[in-house]
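Have a look at the structure below, then the notes.
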Amino acid sequence: MNIAFRRRKEAGVPPGSLIYTGTTDARETKITVTDYDRDSVSVYSPETAQACVPFLQSPRVSWINVDGLHDTVLLREIGSVFDIHPLVLEDVLNTQQRPRVQVFDDQIYIVLKILHVADDAAAEPLAEIQEEQISILLGRNYVITFQERSGDPFDPIRTRLHAGAGRIRRMGADYLAYTLLDTIVDSFFSLMERFGEHLITLESSVIESPDREQLQAVYTAKRSLIALRRHIWPMREMVNALVRGDASTTETPEIVSDTTVLYLRDVYDHVIQIIDILESYRDMVAALVDLYMSSQSNRMNEVMKVLTIIATIFIPLTFIAGIYGMNFDPDTSPFNMPELQWYWGYPASLAIMAAIAGGMLLFFRKKKWI
Amino acid sequence: MNIAFRRRKEAGVPPGSLIYTGTTDARETKITVTDYDRDSVSVYSPETAQACVPFLQSPRVSWINVDGLHDTVLLREIGSVFDIHPLVLEDVLNTQQRPRVQVFDDQIYIVLKILHVADDAAAEPLAEIQEEQISILLGRNYVITFQERSGDPFDPIRTRLHAGAGRIRRMGADYLAYTLLDTIVDSFFSLMERFGEHLITLESSVIESPDREQLQAVYTAKRSLIALRRHIWPMREMVNALVRGDASTTETPEIVSDTTVLYLRDVYDHVIQIIDILESYRDMVAALVDLYMSSQSNRMNEVMKVLTIIATIFIPLTFIAGIYGMNFDPDTSPFNMPELQWYWGYPASLAIMAAIAGGMLLFFRKKKWI
Amino acid sequence: MNIAFRRRKEAGVPPGSLIYTGTTDARETKITVTDYDRDSVSVYSPETAQACVPFLQSPRVSWINVDGLHDTVLLREIGSVFDIHPLVLEDVLNTQQRPRVQVFDDQIYIVLKILHVADDAAAEPLAEIQEEQISILLGRNYVITFQERSGDPFDPIRTRLHAGAGRIRRMGADYLAYTLLDTIVDSFFSLMERFGEHLITLESSVIESPDREQLQAVYTAKRSLIALRRHIWPMREMVNALVRGDASTTETPEIVSDTTVLYLRDVYDHVIQIIDILESYRDMVAALVDLYMSSQSNRMNEVMKVLTIIATIFIPLTFIAGIYGMNFDPDTSPFNMPELQWYWGYPASLAIMAAIAGGMLLFFRKKKWI
Amino acid sequence: MNIAFRRRKEAGVPPGSLIYTGTTDARETKITVTDYDRDSVSVYSPETAQACVPFLQSPRVSWINVDGLHDTVLLREIGSVFDIHPLVLEDVLNTQQRPRVQVFDDQIYIVLKILHVADDAAAEPLAEIQEEQISILLGRNYVITFQERSGDPFDPIRTRLHAGAGRIRRMGADYLAYTLLDTIVDSFFSLMERFGEHLITLESSVIESPDREQLQAVYTAKRSLIALRRHIWPMREMVNALVRGDASTTETPEIVSDTTVLYLRDVYDHVIQIIDILESYRDMVAALVDLYMSSQSNRMNEVMKVLTIIATIFIPLTFIAGIYGMNFDPDTSPFNMPELQWYWGYPASLAIMAAIAGGMLLFFRKKKWI
Amino acid sequence: MNIAFRRRKEAGVPPGSLIYTGTTDARETKITVTDYDRDSVSVYSPETAQACVPFLQSPRVSWINVDGLHDTVLLREIGSVFDIHPLVLEDVLNTQQRPRVQVFDDQIYIVLKILHVADDAAAEPLAEIQEEQISILLGRNYVITFQERSGDPFDPIRTRLHAGAGRIRRMGADYLAYTLLDTIVDSFFSLMERFGEHLITLESSVIESPDREQLQAVYTAKRSLIALRRHIWPMREMVNALVRGDASTTETPEIVSDTTVLYLRDVYDHVIQIIDILESYRDMVAALVDLYMSSQSNRMNEVMKVLTIIATIFIPLTFIAGIYGMNFDPDTSPFNMPELQWYWGYPASLAIMAAIAGGMLLFFRKKKWI
């Protein structure tokens, strides 16, 4: 997950220019239309945008899914068929968008990110995350979705559409858009869960052995949270705008029905909850940094104590041994190291040394160092 | 108290699916109905949801308490009897809800957490906390409560209901809902009190002996506060929504009466006070981290000083002893260690050593190290 | 000043229960009535609440002061005479209230804290603070004050009432309530002043000798500020509610006159100023923690430098002395320590030692360590 | 600049009491009246407040400047001539006011601080700052200014008034008040500029030599910013209140004309800019503290490395020298130190020592310590 | 990029004084007029402001670009031709303006900064940044831009104007102003991108070698972000004011059309995104400081461990060697160092030394130091 922003459009380029700025490998752009009402579901794969016109006019709900964003000619064509504002088309292609909602007279444009985690990324959950920009364009009886790659996140929805005449089949395009949003938001819960488990692991390893590796893991977690915030916080504002009814312009009948708003409020609550979790993870990572620092300082203290105990015991003893290793000539004067000729000289010196060492040890015990 | 979020629902599952996500051991779901008015109280234990219909229609206040959430069939039945929105039923079962209130035309749904502390958990008050999700559904003349386990937190209320025709018996279902809320909020005060005592203990032990154990205790306290925030902060918004009258839709007569709003404002003040206390505990734990760090640094300083004093006194002395332990041959030249043959050689060397040690001690005293 | 919250009421007790939760020693409850208008002032000490009824009905302003909160029977009586809401009576007795204002149809209930500092508490200004809860109940022509102890904070007001027909005598009960509030708020300025002086002293002692004692003093100051915040911040909201006119319900003529609102705005400005001072003290204490940490680190550095200088000078010298203290037999081979027999051996070795010491000293001077 | 608050009024003193709380030396109070319109300017120095009555009644704009606040009798007289609210007069004298604006029916009271920096205070720009409280009372055709000392900050305005019939002479009293405000706000820019230069100097000296002196300078800067914030932040609210038109009560024609509001908006922008600068200085000082700490830690590391290199090289060598300084009797057994009699004993031991030293150096180079 | 504020205007100077406060070298002021409509584009370089009058009156859109701000006479002339408010003219020249928008009856004044980065400034991207103040004055059918230097940032727009009858040629002056704003805002993306790359580099070098150089680089980044915030944050408010329609006074037809507001909302989203990026960079730099500190502490720990291991192993050994280097006379008593005459004396002492060293190593391995 990269935190540094990478612009791919030059400043000064006229607004509405269609330039794909994503990183997915070139792949052909594919249109899939799922057309349904209470009674039946049909799936088409039209080759041209023009072939979508009938779906636009039919009263059935049409879900036009566009996989891959390289074919700018096709996209421009789709834009003109569905009467999409040039700025929206530009934003669909520019994959550096901030999650947000934009309301037009009879269309609502929603752009947000979905984060794909590799399933085997247990140890470093955010290292292998890949972000994909999803654009959802909600019209009166159609939803157009633009994905950078072909569509696994929405597979369960396709299954539900085919499964039978459930609520999703009985309600309009706005409910479909809600279902898409709900699925994307739910996928963040799964990310949060993995991240939480990672933090728990990290925590116990920081307590056990606060070394360089743990430091870097904590830092990586911090950095990932900074990047995640950038994706998640704007979603709050986005869903709120939908709920608040910024989406319904006064002149025309509403695109989002009141029933669906109730469901969107549920999505809003989920986004708030994800943000709550994110913020508590942030606090926790900050606490981990403190813990790391204190553990380090604890360790240093321990190292210092060992050094100090050994050094302060033996340095004075070595000094005494040094004294009696001096070569002053005892023959020259009675004051020159008479201890060396004393009968109890050696045992006495050893006793003094032992006494000093013992005193030191008592001092350290009093200081609670040992 | 676990800070990491654990989702138990798969992304893509259709909204309104009933899946219990709690952790309490399987136990049968039990319905208890307390039906009362000013004149009398009766308690029933119906086996089926259908048996609750009469209570719904009578003018008396009915408190339907549901203990245990495993019997999804029964819950679905309750849902259809009381006309509960599918999203609400889903939230009752999903025990990862954020405390919040949701208003429908003639029902108010309140979900929040109650925290159970083991009574013997004096040393580590938040380690053994278990959270339980409580759902309160307030209708015009009934209150339905859903608990994960059977209902000790509400026992005092049951007692008051039976005790006599007090205020609780004279007022409506909204007052009962207020009493439930008030009891839950009050239980947080008790938690805060224990936490406060724990912090006071922790504080004095950090000052006395800032070791690894204290570090971990401070960290645990920090972590617990992060988790607590996630439960307590949303309650402010929740109670405020009730007080503000988001709860009364314009078309229908109000579910929550003005008199009860006055009491709810009292609950709101309590929630604010709990938040105030929580935030000051947060500040205090942050101060404890600083205190720990500074105490550590103090200790390190002390250790270093002892090492430095001993080492800097004895190293020069040992050097001098080393000098006179050299074996230069005095016979070869008059310059080769003539001190060794001097009459006062040994005493003089000892005197020099004493002078150096004394000078060092004076230097340290001047530096205020000793 | 204790930061940990101590609850004294059990959860589940019905609202409106009268239980005194304060800590002042048992003392009888005493009622003092000061009854005045422009022309005269009279003081009574009625034994029963019933005796207060005439004051309630007269057009003169009556200030009913209740000292001591142990006699719950008397308080309940007062409650019924003056028609006080049960929740208010409960709050008067529960001395753990958050400062706030509550508006009823013809009464305004104000609860806040007064902090008593012992006069000789110069060294540790907040250690001996005792908090007392003051409740003010403002009616149309009366003010009831409840104090935990008998009433020194309000003595200057009593004096002004008796002193002559000043503004306080010409104006209504609302102005009396303002005067009480103003006196309490002013007493916080005095606290702030003493705290400020304490910080200045602390600051210079941290700079001079950053030892364990200072650390604890800084920590105590931090802790006291956290506790103070909890008392002072809510006062802002409280006075603002009075100023904003939340206090005047639309149906009835206003309890607080426009003239008094002007004076209350002055109190509001004072509260804001106290909060400003409090926050700058907080910043200052945070700066003191940084200063302490840096000073500690400075000291450690100094200690380390001394150790390093002494050790790195003498360790090499001691090594050289050690070399020439070896006992290799010069007779065995011409390579075995021929230096020992050289004519200039000893002086040369001393010279080499001096050169090494000098080089080290130059190195340290270059490093700016000495 | 003192951060500790110093109250000089006793709690319980009745509101509206006139007590000067400033610190300027006693000096007589002097009134200067500058009376002007488009055609002419005249300056008077009336001895009594009564002498100002004609200016109040004339249609010309009158600027009454009062220097020195010790003569409370004269001030009370001014108060009664110009019909000033007692709380305003009290605030004029109490020099501990928070900058703010207060609107009356036909007067606007503005109180704020001006900060005087000694010109030679380059090294420590905020150490010698003296604050002076300025009160501006704007009436319909007059402005009264109260200064603690005689009026250099307003000299340029006096000059402009005399200089010719510029905009200031053509417009009303509100424009004069704006000009005074603008001048005071501009003087803060000058302070900011000097502070900025000081920070730049401080920054480079912290990088170069992070010693005790720099630490204290950083701390002083931090402390000064805390004090400055207390003066500058409230000005935002103050000027905003003027701009927003809180100043124009609905009943009477406006005191502040729309044209002047446009100019006041400019002052507002300046205050916002000063606050922006202040906040970025705060961030910068916080960064300086980090820098200081890290530099300290860098230094400690460097000191430790030198000690470690020297000690770890020489301690093993000294040990070896110590071995061959032992006095085991070679005659007793062939195992007792046969090395001492070996032909290559001494060179070999020196070689071993050199090898150890070399190995250590390689190890350190690998660790990048040297 | 300089963070310290530098004022260049004296306090007390009358408002509306024209003084250029920028730092660009003196250069003549040059007017370029680009006059266009759907059909044609023409470019003129009039010598005097008077020559611009025809453009003001024609219905075509005129873009009057003024390069260089030294010729205050010419600027005053432009001011009177286009009826510019004196405060605006003053702000155009005072290059220390905070980005903001100011709305007049038929003009909107926008002032902001453009930041020029030298292309070869890869290593230290913000060190060589030069800021230039751009003023945009939008009238009903003209846009006047004031630049400190001649106009490369707007070259792409000029190209688009000439390129053909695109959207820019079909729309009014408000769209031109939008295009200018969009170009400036886009240039900040480019800056963010470079800054992000710099942070990534810095990050890996802090992890690898946390030395003095990296410390200073982190500090410089921090400081640059503080400075950047001051330029970027106010732009949010500025663009928002345009979008919100503060720009359209009620009396007159709107200067900014609804279509252009849609485009401006796009610019607003971009500014929000830049702010998001900026804030996450800030968090990242804060994390880098922590990382640096922890890495330093890690390193210190490592250094200390090496010292402690070597010292604690060899100090006891040296002591033992010192013991047997003492010169107690074995002839005087049987207790005086009999070991020296033992047959296995020397090997035994070596063995004891080896045992001690081994024990120490085991201890260190247990402590996980080696």
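Going in written order, the chains are labelled A, B, C, D and E, and every chain counts its residues from 1.
The working rule: a contact is a pair of C-beta atoms (placed from the backbone, for glycine too) under 8 Å apart; a residue touches a chain by one contact, two chains touch by 3 or more.
What you are looking at is a predicted structure, and each value in this text was computed from that prediction instead of being measured.
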- Query: How many links in the shortest chain of touching chains run from chain A to chain D?
  - Reply: 2
- Could you put a whole-Å number on the gap between the CA centroids of chain B and chain C? 25
- Message: Just the number, please: Cα centre separation of chain B and chain E in whole Å.
- Response: 40
- Note on the structure: Residues of chain C that touch at least two other chains are 293, 297, 300, 304, 307, 311, 315, 318, 322, 325-327, 337
- Query: Among line, ring, star, complete and other, which one matches the pattern of chain touches?
  - Reply: ring
- Task: Enumerate the ring members one after another: first chain A, then chain B, then the rest in ring order.
- Result: A, B, C, D, E
- Residue ranges of chain A touching chain E (in the complex, touch as defined): 3-7, 9, 11-16, 85, 87, 96, 98, 100, 102, 209, 211-212, 215-216, 219, 222-223, 226-227, 229-230, 234, 289, 292-293, 296-297, 299-300, 302-304, 306-307, 310-311, 314-315, 317-318, 321-322, 324-327, 337, 339-347, 349-350
- Task: In the complex, go through chain C and note every residue touching chain D.
- Result: 155-157, 160, 166-168, 179, 182-183, 186-187, 189-190, 192-193, 195-197, 199-200, 207, 262-263, 265-266, 269, 272-273, 276-277, 280, 283-284, 287, 290-291, 293-295, 297-298, 300-301, 304-305, 307-308, 311-312, 315-316, 318-319, 322-323, 325-329, 332-333, 335-337, 367-369
